[in-house]
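Note that the chains are named A, B, C and D in the order they appear, and that numbering of residues resets to 1 at the start of each chain.
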Amino acid sequence: MTHVKSLLSRQELIGLLVVAALIFVVMPLSMDIFRLNLFGKYLTYAFVAIGLVLCWGKGGILSLGQGVFFGLGGYCMAMYLKLEASTPEATAIQSTPGIPDFMDWNQITSLPWFWEPFNSLTFTLLAILVIPTLFAFVIGAAMFKRRVGGVYFAIITQAIAAILTILIIGQQGYTGGVNGITDLRTLKGWDIRTDEAKYVLYYVNGGLLIAVLLLSQFVLKSKLGRLLVAVRDKEDRVRFSGYDVSNIKIFVFCFAAVLSAIGGAMFTLQVGFMSPSFVGIVPSIEMVIFCAVGGRLSIFGAVYGTLLVNWAKTTFSEIFPELWLFGLGGLFIAVVLVFPNGLSGLYRSYLAPLVDRLISRGGSSYPPEPASPPPDLDGEANAKPAE
Amino acid sequence: MFADYSWTELGSIFAMQGFAGLILFSVFVLMALGLAIIFGQMGVINMAHGEFMILGAYVTYLCSNIVETYIPSLFGIYFFFAMALAFVAAGALGALVEWSLIRHLYKRPLDTLLATWGLSLILQQAYRSIFGAREVGVSLPNWLLGSVPLTDIIEIPINGIFVMVLTLVIAIGVYFILFRSRMGMQTRAVVQNRVMAGAVGINTEKVDRHTFALGCGIAGIAGSAFTMIGSTGPTAGQLYIVDTFLIVVFGGAASLLGTIASSFAISQAQSTMEFFLSGSMAKVLTLLTVVGILMLRPEGLFSLKIRR
Amino acid sequence: MNTISNNTDFLLSIESLSVSFDGFKAVNDLNLYVDENEIHVIIGPNGAGKTTVLDLICGRTKATAGSIKFRKKELTQLREHEIVREGVGRKFQNPSIYEDLTVFENLELSFPRGRSVFGALTFKRDAEVTTRVREIAEMVFLDALLNMQAALLSHGQKQWLEIGMLLIQDPELLMLDEPVAGMSVSERKQTAKLLNEITKGRSVMVVEHDMKFVEDIAHRVTVLHQGKILSEGSMAKVQADPKVIDVYLGH
Amino acid sequence: MKRLKDLIDHRLSRRSVLSGTAAAAMLATASTFAPAFADDVNTTGLAVTDDTVKVGILHSVTGTMAISETGSVQAEKLAIEQINAMGGVLGRKIEYIQEDGASDWPTFAEKAKKLLVNDKVAAVFGCWTSASRKAVLPVFEQYNGMLYYPTFYEGLEQSPNVIYTGQEATQQIIAGIDWVAKEKGAKSFYLLGSDYIWPRTSNKIARKHIEKLGLKVVGEEYYPLGHTQFNSVINKIKLKKPDVIYAIVVGGSNVAFYKQLKAAGIDMTKEKPLLLTISVTEDEIRGIGGENIEGAYAAMKYFQSLDNENNAEFVKSFKEMWGDDIVIGDVTQAAYLGPWLWKAAVEKAGSFDIDKVRLASPGIELTTAPEGYVRVHENHHLWSKTRIGLAKPDGQYELVYETTDLMEPDPFPEGYQ
């Protein structure tokens, strides 16, 4: 119990339980599998948004290229699934059986070397974690060691997203081009397209999301979490306190990249295909917006923000297909102008004090300034206030 | 690849290619100048820059239709009115946006990115609702079409010359406004030290609004000019945004001269590579080079070493 | 004052140090030495290069030429955090603290342990940390405000907090850029007392404009003018130097 | 390669037969136990009542593709209205549910699933890009829906759940190249396209065919989607002096390309070089401007200017419904065929059941098609004529050639891969 206490305050524990209840109980009970699958797809974006909370909200590093990592994770998974779907028997009609169909259409007669290892599920799962990390590390090391930050970092990551999209589309023989990698069927022989599989994948996705929330919470609760905020506010001070600021930034950027990649892989599994339209600039910015709507400082907020925006998108576009962009655009402006702390800010100002009063026996109080990270309600600093 | 051609042919082609590079250069400068003012001087990340350009294009479209229908005798010169109107329309919208949105966000540059992205969605949908989802064709006076043949192979596109002259005029205009006029002095003063500028009696709010409107207005002119070479549709503005930001950042955000230098470098690199490689790879390589150089030299091409 | 003796006796020796910004020599062929346990104050008119000297020592600005040796170790090639780890602490002109964190957290982050990424992840707030934080907080008069968010402190308290954040690192050389700027008279007195207390066992370099304050604390004073040393010695000697009078009054 | 086609035919027919038997069995049970009227024609729980039947329209109304897809939506709505005015399908009025794919492929998949699973529509008319079709394809196959896809496309696909009402690549390309080679004496070609699957695949087929005719390809080049600067490639074209520029540029790039081509002094009316495109319909010309593309040739199956009774009637009603200043391109006409082909298949099958409609589809003829006569092939594509049009300054094409026979659709062309 002490472990739980040091990791989650009461408020946060309740937050986590509510998210878990929503994912595991409320949604499956209230939705048919079609809606649930949709909901599962939204949740994969929440991985990216949580990463952005750490990277941008806490650390002040705005990446407009998270789609790159989402895409890398998704493509790794898709490559494995595509190879499994492209058995010589299933592709007997091709001029070269046994390779993915789009390769055959592009006169590729043998599997390219970098596809080979994706025959192995172990390699694939490792690759989902390692490749985006390495890529993020290279970008991060190049930029943060040279103190590229703020707006410059945002624009360069955006350019990287653009480059990767053009590359994927241009190299269609190796990547499936603009159509992406489609028609994915089975995972180790298990058909991922059945309703039953969709339920299973949904729960796996939900479980992973909870795990990622806990892991992120661990990072935020550690000294590193406070250092991130410190770097955001006074980078020089951190440096002159003997820390290598670039390493801290590289770490959090890589961490966010891994989370995005996990989201991407789960996306591929649940949606059944991967295409360059999740890599580019537009999806990358949208993911930032999910995070902003959630309130950029709260990992739970990020989950709700993602769900809210996507739900709004789907609903608006069903009801007012010609008008929904007005609503969406207006939402972004409102979030920036009127609710800069997003959903979590609203929660903190209106609901949190109420919840606090309900759950505590009048001990702790909430800080007035929502921009600060949650205080350690049970930390030693509070336990023995100085006299 | 050149074995089959005579020297004259090659010479002509390189001249043409050089000219193509210059046109691209002008296009880039025109695209980027407005943003260089807004982003470079004010620090506002205006993701709706492309939509301001398209506003200029739609204004030109309306002008062409109205003039063609009601005063066809003036059709030959309507383009100049159209550009002036495009400047006014985009500038006015810019002032409105500054007043309602941007001025609340000067301390939060990254948030301007989100807000203006929202704005760009709204503008796109507005164009779609007003002008339809399809691209519109802007008819141009005949003298703007076609080319001037110099030799058998060398032909100079008239609209290319037009864009180059226009770019030159606007660049000089911007130089005078920013570096030779009182408004420019005030703008630079506000950029460097807002509090101090306010203290010495500069109306910083007004200066901000004018600067933002100026940047948007130039975007409007650019959009108007681009009806000669590109498409006019609700989402056409999106095509420009990445290139434009890269140019400004590559030039060193705070330096207008840098923007021009980087337009030149990128346009020459791109048109040379396009000639020797295929189109897509040229684009990828150009972007990669720019990103690579930016990683090595994050401050961009032109930046002053300053004491911190 | 035979400065060219054997520089290994000094805690910090700066020799032929120059830096130029686009041709402008902000610091020009400077030689400066700081003894152990010395409070060394740098004064000079605006633009003399005082802050630049501190920036050069702590690695914030890279030198164009010359050397900076700290305990015989060359600092010019090191990066900022490495210089800090060598034992050089730096306070900025404007209080540079983490406004979103509490006083306690501000001090805790400065505690010299767990400075690597994984060190920070596994850092534990144990008894050693809390004791030390409290100790320092008491020293900088903030022991009653440990749980206050730093943004809510007064200007003088923020200055003290930053000094506390340096003290908790236990540096051998402490560099303070205008530590009493914007402080009330009583806060100034308290700060002078604090400085005298913390010099025990370490050297302090101070850049300051307030002559009264300089007189109170300085062991030795260096006057900089246009990137060069104009005069050096005790406060009394410097004040009597006609060159100094000329520079201060002539402008 | 022969093997490939046989296998596909085999697979398709075997699948059809299997599902056919299954359907027949189900029909038997259904008619035994549920003799109600609606159930007779609907044994699988589609949204069919005694007097209505629901169908889906799935295109992008927002996003970058809205530009192209608007015409298809209008055509499909017109066809549905006309069918309803004639009494509907099997006596039932068609009600459509329109969904927005928002130019986003997963959204297409999501909405397709909604249409099939939640709304249980009897058919879907929709998709435009290949990417969106690829995204919805598994959904249609899994939930056994029927998609009528209107766009000319690269081929290499043949699904039992899709009827392709546009031309596949060989139909469009081979006739066009034969024509320029024969009528215009073209010897050399410069292939140019936007960088994605349709232009690349089409140019591949074009190249094979050009080489087969003993002619030469002097350049082949792709630019990213949305690219707006074509001066470099225009210079290269000037250097290589091809007889034909074979252009498959799409979207906003199209506008930039033709404007810059014209500005660079290439007057297409002089046909030196001649420009042949398969990607510019009358719809696109509106954005490009008629004066900028005057003199170019396009190879496709339909032009608004086609002179026949069906077309005169179609253009008239289209303008009545959607306004006088509207233009109609190849894809719009193909989209118009969708509801009619579906109606014919349903009536032939006497049922809305997907499996029966599928079985009934091959061989369906449409003599009322604006383009003339079309027939559904076993491979679910249409037999159709290919036509060459010459672009006029008013934005219309003038028909200069049409194949005498219907071109056989061949999505997996032998010797072209």
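Note that in this section a contact is a pair of C-beta atoms (placed from the backbone, for glycine too) under 8 Å apart; a residue touches a chain by one contact, two chains touch by 3 or more.
A quick note: this is a predicted structure, and the numbers were derived from the prediction, not measured.
Visitor: Take subunit D away without moving anything else; what clusters of touching chains remain?
Guide: Without subunit D, the chains stay as one piece.
Visitor: Chain with the smallest distance from its CA centroid to the overall CA centroid?
Guide: A
Visitor: Cα centroid separation between subunit A and subunit B, in whole Å?
Guide: That gives a centre separation of 34 Å.
Visitor: So how far apart, in whole Å, are subunit C and subunit D when each is placed at the average of its C-alpha atoms?
Guide: 75
Visitor: Averaging over Cα atoms per chain, report the distance between subunit B and subunit C in Å.
Guide: The computed centroid separation for subunit B versus subunit C comes out at 47 Å.
Visitor: Based only on mean CA positions, could you tell me how far subunit A sits from subunit C in angstrom?
Guide: 43
Visitor: Residues of subunit C that contact two or more other chains, please.
Guide: Expected reply: 60.
Visitor: Identify all positions of subunit B at which a residue touches two or more other chains, and write them in rising order.
Guide: 125, 128, 280, 283
Visitor: What are the residues of subunit A that contact at least two other chains?
Guide: Each of 166, 169-170, 322, 325 in subunit A touches at least two other chains.
Visitor: Show which residues of subunit A lie in contact with subunit B when the two form their complex.
Guide: 56, 62, 64, 142-143, 146-148, 150-152, 154-156, 158-160, 162-163, 166-167, 169-170, 281, 285, 288-289, 292, 322-323, 325-326, 328-333, 335-337, 340
Visitor: Which of the residues in subunit C end up touching subunit A in this complex?
Guide: Within the complex, subunit C contacts subunit A at residues 58, 60, 79-81, 84-85, 89-90, 92, 96-102, 104-105, 108-110, 112, 114-117, 120-123, 125, 130, 134, 137, 143-144, 146-147, 149, 151, 162, 165, 169.
Visitor: Considering the complex alone, what residue numbers of subunit A touch subunit C?
Guide: Result: residues 218-219, 222-224, 226-227, 229-230, 233-234, 236-245, 247-248, 251, 367, 369, 371-373, 375, 379-382, 385-387 of subunit A touch subunit C.
Visitor: Note which residues of subunit D are touching subunit A in the complex, please.
Guide: Spelled out, the residues of subunit D in touch with subunit A are 1, 3-4, 7-8, 11, 61-62, 98-100, 102, 104-107, 109-110, 113-114, 117-118, 129-131, 134-135, 137-138, 142, 156, 195-197, 200-201, 204, 222, 224-225, 417.
Visitor: What part of subunit B is in contact with subunit D in the complex they form?
Guide: Touching subunit D: residues 5, 9, 13, 16-17, 19-20, 23-24, 27, 125, 128, 132-140, 145-147, 149, 153, 155, 157-160, 228-236, 238-240, 270-271, 274-275, 278-280, 282-283 of subunit B.
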